[in-house]
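Can you read through this structure? Questions will come right after.
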Amino acid sequence: MEKILWELVQLVRQQSPLVHNITNYGVMNNTANALLAAGASPIMAHAKSEIKEMIAISHSVVINIGTLDEYWSESMIMAADTAHSTGKPWVLDPVGAGATSFRDEVLNRLLPYQPTVIRGNASEIIALAKANITVTKGVDSTAKSNEAIDAARSLAGQYEAIVCISGETDIILDHQQEIFIKNGHPLMTKVTGLGCSATALIGAFIGIAENKVLAVAAAMAVIGIAGELAAEESNGPGSLQVNLTDKLYSITEQEFSSRLKIERL
Amino acid sequence: MEKILWELVQLVRQQSPLVHNITNYGVMNNTANALLAAGASPIMAHAKSEIKEMIAISHSVVINIGTLDEYWSESMIMAADTAHSTGKPWVLDPVGAGATSFRDEVLNRLLPYQPTVIRGNASEIIALAKANITVTKGVDSTAKSNEAIDAARSLAGQYEAIVCISGETDIILDHQQEIFIKNGHPLMTKVTGLGCSATALIGAFIGIAENKVLAVAAAMAVIGIAGELAAEESNGPGSLQVNLTDKLYSITEQEFSSRLKIERL
Amino acid sequence: MEKILWELVQLVRQQSPLVHNITNYGVMNNTANALLAAGASPIMAHAKSEIKEMIAISHSVVINIGTLDEYWSESMIMAADTAHSTGKPWVLDPVGAGATSFRDEVLNRLLPYQPTVIRGNASEIIALAKANITVTKGVDSTAKSNEAIDAARSLAGQYEAIVCISGETDIILDHQQEIFIKNGHPLMTKVTGLGCSATALIGAFIGIAENKVLAVAAAMAVIGIAGELAAEESNGPGSLQVNLTDKLYSITEQEFSSRLKIERL
């Protein structure tokens, strides 16, 4: 498995997938830098007047609802629809799911376009499953059990999506399998937007990899390991961000393989 | 006083206040990072469809008019109104006050919602008092005397606000008292958005502290001292930004207390 | 020539031109930091309600269409019109020209306001000349020859603009002369928005320099040389961004003159 994931890291460097991001204002810069460092090519574009054309030239689409508003929500729905109908892989980052009814409504409009991948933290994945009451049965009680993994299984089953719950252990699952990755460093939670960078990297990897589950695993592994390597040289969250970008760019097979902590069910 | 301010620094780290920011595009990333480094939790959200719900779950609100436009000005007014009517502390950063009539009009619509704190540089505080001609008498002449401190006193009196004039010496005043903080480093003026980060930190501190004047003092002290510590290890404004974020995260009581330069009238 | 360009670098530091940027979300922070580091003063403002007043107080205007949408395109056209009619120098960065018809339409509406400078990479300059079919004759075939320099000459002739094609060699031309600058470092292409920073620096330099061609050459030289110096101390694109900002701030005449690689036709 280490070998396959590393080959995907190299594939992104070689093929430089074009990743179309409709993402939040706070992370556009470091998300673009994460994509560039990993070897991909970022596009940041949200205008309804050009979304369809942008998706046509891209390998994949990233939709991150962080700084959502009414206009952007329409752009995102248009993008999800276009990606879905033209067969482009896309990843949904449900930032702040559950925080407001507006977010939940927009998420409920996005989900039917079947994201290839949904990546969020545990509370977002739970909230996403909960919000989804008009479509699913029984999720509410599942969610109340406070188990993100049950919420993830429910979402995965319902939308044929891969769900990635990021946290101390990253859990990646679809209806068939579950993968656990235990890389990363606690200091990463003190840098804004690293979750968003992970989502964008997932976008890069699913843009070129056949096996989408392994693509998600490779993306989560590479940012987690880069974060570990960076943390060893950092004095705090400011230098961690800088060093993590450097490590995404320079990470070697030796560093990757020796640190990868992965389990597959 | 050193002890009380340091206790507030620790309180933010312990209680991790949720700070709702409606701020400018240029600083969202580093503002969020400053809040995280100091121990707070940032929310960046501006949609009229969700502002009220976001404020309901937040400890405080930050309104920064940097990259203002017509939509955002309405969001800000809605947020100020909501914060005011629900008793949430909020801080106003009048970026570019006086530069255009649009800014002054929006500021004149925000002020009646009585910001808990107004933080700006000397020229912004003067312009804010000047712009305020429909409400106040005599401020115009005060402002023309070019004395930011008179403008600050006028604003503080009229809106029952705490006003913080940031500069080589930070001046924090309300109708009862004046505090002077002489921390910071000249190189900080060469990094974009450190004033905005100061405002956001004020948001974090007023979100949890009873004594709002001391909260503002603690916020200005901690960013000033972090800036001093960072400058000693920096080669220019790029590394200063990185190191300042690290120092906000790692600053110790010893570093804080030994460097704090504060006077109280 | 080295001496004249260095004098312009110093002039920006001394006069601190106010540069009004209507630029893309992803680069506002590092663009503002590049301007500050070089000694200029950035304004980031895009509201139609204040654009004219902002331009009135600025030395120059930067229009960068990176994260374009319908509202921002109108702001940009208003800004270009205002700059043109009031004689303020302005620079156009046609990010993603040719990628969508929306971008090309907006660019075709901006060009008649005669940018003082157009800066893009080779494919953007070619696309810009190609898009311009309603106005020009014969450009289409020129563009198809895939020669950016021919496209640049065509644009320069038609709009009396200076065109800067950035790349391994930066080419700066107007209808009279061509200048080649061979500074910079390949790692710079792995940092998002350094092209946008170059455009913003051009804005600063044309804001105060009489000779606009030399202003563009000085801007491209200083960022290229700062990038070279930074790359020598960097471990990847993360630290390159930080170090480049530091070097823009600290670069000396000795560093500048000894590294400048310039040819003039």
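Chains: A, B and C, in written order; residue numbering restarts at 1 for each.
Note that contacts are C-beta pairs under 8 Å (C-beta built on N, C-alpha and C of every residue); 3 or more make two chains touch, one makes a residue touch a chain.
Computed from a predicted model, the values in this text were never measured in an experiment.
**Q** Expressed in ° and rounded to a multiple of 5, what is the rotation angle of the C-alpha superposition of subunit A on subunit C?
**A** Angle of the fitting rotation, subunit A to subunit C: 120 degrees.
**Q** Given that subunit B and subunit C are copies of one sequence and touch, is their interface built from the same residue numbers on both sides (over half shared) or different ones?
**A** different
**Q** So how far apart, in whole Å, are subunit B and subunit C when each is placed at the average of its C-alpha atoms?
**A** 33
**Q** Pull out every residue in subunit B that's touching 2 or more other chains.
**A** 25, 29, 241-242
**Q** Which stretch or stretches of subunit B touch subunit C in the complex?
**A** Interface residues on the subunit B side: 24-27, 29-30, 66-70, 96, 99-103, 190-193, 234-239, 241-242.
**Q** For the complex, which residues does subunit B have touching subunit A?
**A** Listed in rising order, the residues of subunit B that touch subunit A are 25, 28-29, 32-33, 36-37, 42-50, 53-54, 57, 71, 241-250.
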